[in-house]
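Chain nomenclature is as follows: A, B, C and D, assigned in order of appearance, with residue numbering initiated at 1 for each chain independently.
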């Protein structure tokens, strides 16, 4: 669904003439902010689905960066940048649809199996629903953009665009592209942390209390997820299939000739074929190493005692509750980004020596939502309320305040209060006064803007400044 | 990639695979020399590997297949990265435009699997190690990428082989200070990634203080061998990037280049040994400060190169 | 003066007189409907054999006037049908009311047809006088106050416009032999007009006709008048009267762009337009009366129209398209407002909830109309506003584009937050509505809703696909505004066909 | 006394009547002032025609006759009848006091003269006072509309505004065809007639004529 926004943006971009450079940089800035903040909020979440949703914010940030780079290419007239930017964005849109879909499906399977999405109460699901766990791991690897899978292909081209951007002439856009590279790297790292946290806490380790006995995911769900997983791997291993496909898309957006696109892409990044070669090498290595390991283990199989509990450095009574939970796992990262997130922590420290319940509760409020938009909407309605009632407080209590005005100013204040009251009451005199006032203003501007009666005066069109 | 070149590369590949444990022993030796001890014999790491490969494996009840896959994928990722990084000669086996990003993300893939394996055991110690590893890994990525940006800018190309090859020599000419900063930043990233002293103490026995060691606490037998070898290989790869960045020169004949690079790597290992013996571990909060420092260094380098290239 | 022009004026007047004379209300209503239907028929027939205006004709069908005439005529036809469903016994005097309604139709036709500026003013003044009794339909203090404000504001506005027209006329005196005040003559001799008088004339006309049209800051009478007038009259005013005033402004713009003052004119048009949309945006937020809300959306649409004209040919085409959809949309909106009044008995938004559960058809229509008003895609308004955005982009006026889009967004938010609970909320359990609801005979509700549905359907249909005849008409009108010289010369080459 | 001095005299009288109307508080007197002003204005088209040398044509005669019948006879009688039926005779305490409004009126006259000085002079008019006189009448008409409370005075204000525009129209006598001229006069008359009806209703509904108390319709 989020992609419709992206689609709208791209469609409009294809209509508008190439926008000035500043728009492109603003777009990249948006991408950076939404990416970094998105993944940070994702890291701080406790609910599985909210976490995935915030992650979409991060991926949209990456797509935004790609589009920004495409626009920058358009503004600077560098077809390579345009091809890489829009191509990367489109590819990432496709990949994001695949692995995010897979993630939500398997999250659904988790919730269906255990009845809750609360990460801290889940655990050890890999044993009960191994297939679901495998799918989630696969999707997690591709969403962090790690090599063998499809997430990497999209990010790889966006990286190419950003690196190409750093070479663009105007210093500011080069700087912003460098910032883009750094933030994309940071996002990659944070995404990795976030999904390691989710996978580790939900699927691995010992089962925490509070969840139903997990049932295996039914066949139908597994089939659906299977299709997406196969697609992810296919694109990851054979990017050559997809890249020309996005080429067609780019040509529509930036009306770039087919020739230019073909020439532009390889100038910066090697043809996608090399990626598939490396994927083959990678899988080959895994296979050989696995075989070697199995061989060694068979050879020196030793009489294994019954599988023992994990070595807890000698502490025998380790309970599942002592495992790392989601918030503790992410806390070290979150605390280092405290400035950005300002997480709230409520600590009921143990009071006495034998204190009863100590309780630590920390959650991160979505800053954009709570500190940016809510006040913005409140202020907008207050301003319109003020204009409607022409009083500072929003309700017409102006009359009382005039009584407090100083003696000397009283007549003047009375007139002003009378006037605003009249306007608020909507009396006819005020309406006619509006007409006279508009006439006055219009002629004053006209005379001020075009003094002198002679000649054909070109009025200084204040409104028509065209910052090209 | 002609078949001839592949055959020609085999001896070099064998050398690359054999060298890493030797570097670890050089570090151990320098630390021992500093401590006035003899230190373990030169081939100790090889003996350890041999011993581990011959030992049996013990798995805890709570672990799943992820625990078993962790070491394998980690080592495979690193071997893949090895094919992309110039160690002795200046061109790489499979290098291509944009492989810089692939290398960084292969390292990240390795780290992800090891961390997941650690969390699979379900013990709070390994969880702690995992959380720290992820935190410092995330913080080192920006510095690494910014250094790549600087190298790409200075040498106008995105393939690591060219970035660290002949064009870099010219780059040292006009943006020498920036290159110096990049080398410093890469050194700090090396120390973080391979868990050397200022960030993490490989030789400690107190789990609470470890980062990398505690994650691999539960591995045994061949898995543990894979992991130790992977750590050594990672040191070699990042080391060779650092060395190539620090001392770039046009690629002479292989038989001159190889020994020269080996000597340089040995010197680097000794340098790391010296650092380990002279510095104490940093408190965890200070480590993020150190990584921020690395980021600032490469940032400054970037500003200098921007200023110069976009004059 | 061709036959069709005569017919166009005579038909409404004839049927108006009939309404005065006919004894029973049924007959009178049928006369109203017959009158507007024949007027529509004549207009449609005039489209088949289009003969453009000759040189010194006082009345003639030039592309712009012809298009607007068609729009007004369509609106009147549908409104008369709606009125049959809406009308009930309580009325000041039905004869006067119906006669005035048809008088308004005649006056507006004259506005669209007149080529002479003086005649234009007389027709517009007659229209506003014909409209005054229509507002004073429901007897009572509030209706009276609305009428007084409407009358006084419009008379003052139109008087100033007359002064403006005289200034425009004065600008021709410098030429030597006096030029007659028809649009064609002025456009042909435009280069020699005295720019200062022409500019002051334009400004006076813009303020004068702007008051009539309801541009901010001269719009303050609109919420009062539309709030109190009966919904069919409000629809006529919002759809028809404003178009009449818009035609007058466009006549003056034609003369100005011919005289090379296009840039000056577009600056003021855009300034007024954006200010109107901004004012509407501010006053829409938190409004608690859905009829005043509809009035403010009308102010906003006027703003959009005027901004469109200020943006060259492409903008004018979008503006013409917007005028068409504004008429359709405003009609449907006020018809449904009338139906809501009948359904809920109050026009306070806070008391009106759950229209869709009380009468699903009305709920759906209301939702459709609201989407159309805010310019959501399937409906025509979206395409016209998009056209204006593209025109602004191609002319590189980024500030205008930014302001235009943000204010429209605020209006969208304001309208939707206010009206969605009206459509979807849960109906109040207590029978707080006056008993008059629900007892509505089924055929009345049917007629009212079908009229609104027709307009909404047209809005949807013409939005998605414009038949090429419509497209050609819009384009001709846009050309005549933005590049009047071409039009004038073309008209003159025409052989002298009739006196 | 040549035609130019006569027209100048008339125009000066018109401006003085404007200012006089601002001082008067009785409604009936304002209406009578308006009637006198219209009478004076009726002579102007005749003067303009004779200024061009030929005898005043049928066109000018019709306009003069129309103005007299409508503006001097019919409209004042209607307004006076309404004043007589309603008990309200005076304009008490308007927004802007009488002295203040006269001073403001004078200022407006000065302003209109200043504006005319900047405007290019049209082709040789009957007297160069026409434009300032019309501008000042229009501005004073607006001032009355804005500052007076009673509905009748507002109607008279509107009529003064209309007179101002009528003066301005004199410059273009030849161009505007008779039909349009009569149309304007007729519209004016119908307009005032309807205003009178509405004022009558206001008086009956609210039993006062203060339009500033009409304030039920406003932003809730």
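Points to keep in mind about this one:
In this text, a residue touches a chain if its C-beta (ideal position, glycine included) is under 8 Å from a C-beta of that chain, and two chains touch if they have at least 3 such contacts.
If you're wondering where the values come from, they're calculated on a predicted model, not measured in any experiment.
Each chain gets a centre from the mean of its Cα atoms; the one farthest from the centre of chain A is D.
A count of C-beta contacts for the chain pairs A-C and A-D puts A-C on top.
Per-chain CA centroids place chain A at a distance of 45 Å from chain C.
Note: centroid distance chain A to chain D, computed from Cα atoms, is 67 Å. Here the spacing of chain C and chain D, counted between their Cα centres, is 31 Å.
In chain D, the positions touching at least two other chains are 119-120, 142, 145, 154, 211, 214-215, 217, 219. With touch defined as above, residues shared between interfaces to two or more other chains in chain C number as follows: 148-149, 152, 156, 160, 196, 200, 224, 283. For chain B, the set of residues that touch two or more other chains is empty. In summary, the structure contains touching chain pairs A-B, A-C, A-D, C-D.
Those residues of chain A lying in contact with chain C across their complex are 15-17, 380-381, 383-385, 387-388, 426, 428, 430-432, 434-435, 437-439, 442-443, 446, 450, 453-459, 461, 463-468. Against chain D, the residues of chain A that register as touching in their complex are 388-389, 422, 424-429, 432-433, 435-436, 447, 453-454. For chain C in complex with chain A, the touching residues are 148-149, 152-153, 156-157, 160, 195-196, 199-200, 203-204, 206-207, 210-211, 217-218, 220-221, 224, 260-261, 263-264, 267-268, 270-271, 274, 281-283, 285-286, 390, 393-400, 410, 414. Of all the residues in chain A, the ones that touch chain B in their complex are 123-124, 126-127, 130, 133, 137, 141, 144-148, 152, 155-156, 159-160, 163, 166-167, 169-171, 174-175, 178, 181-186, 188-190, 192-193, 196-197, 199-201, 203-206, 266, 268-270, 274-275, 277-278, 281-282, 285-286, 289-290, 292-293, 296-297, 300-302, 304-305, 307-313, 318, 320, 322-324, 328-333, 336. Residues 119-120, 122-123, 138, 142, 145, 151, 154, 158, 161-162, 164-165, 168-169, 171-172, 174-177, 179-181, 183-184, 186-187, 190-191, 194-195, 198, 201-202, 205-206, 211, 214-217, 219-220 of chain D touch chain C in their complex.
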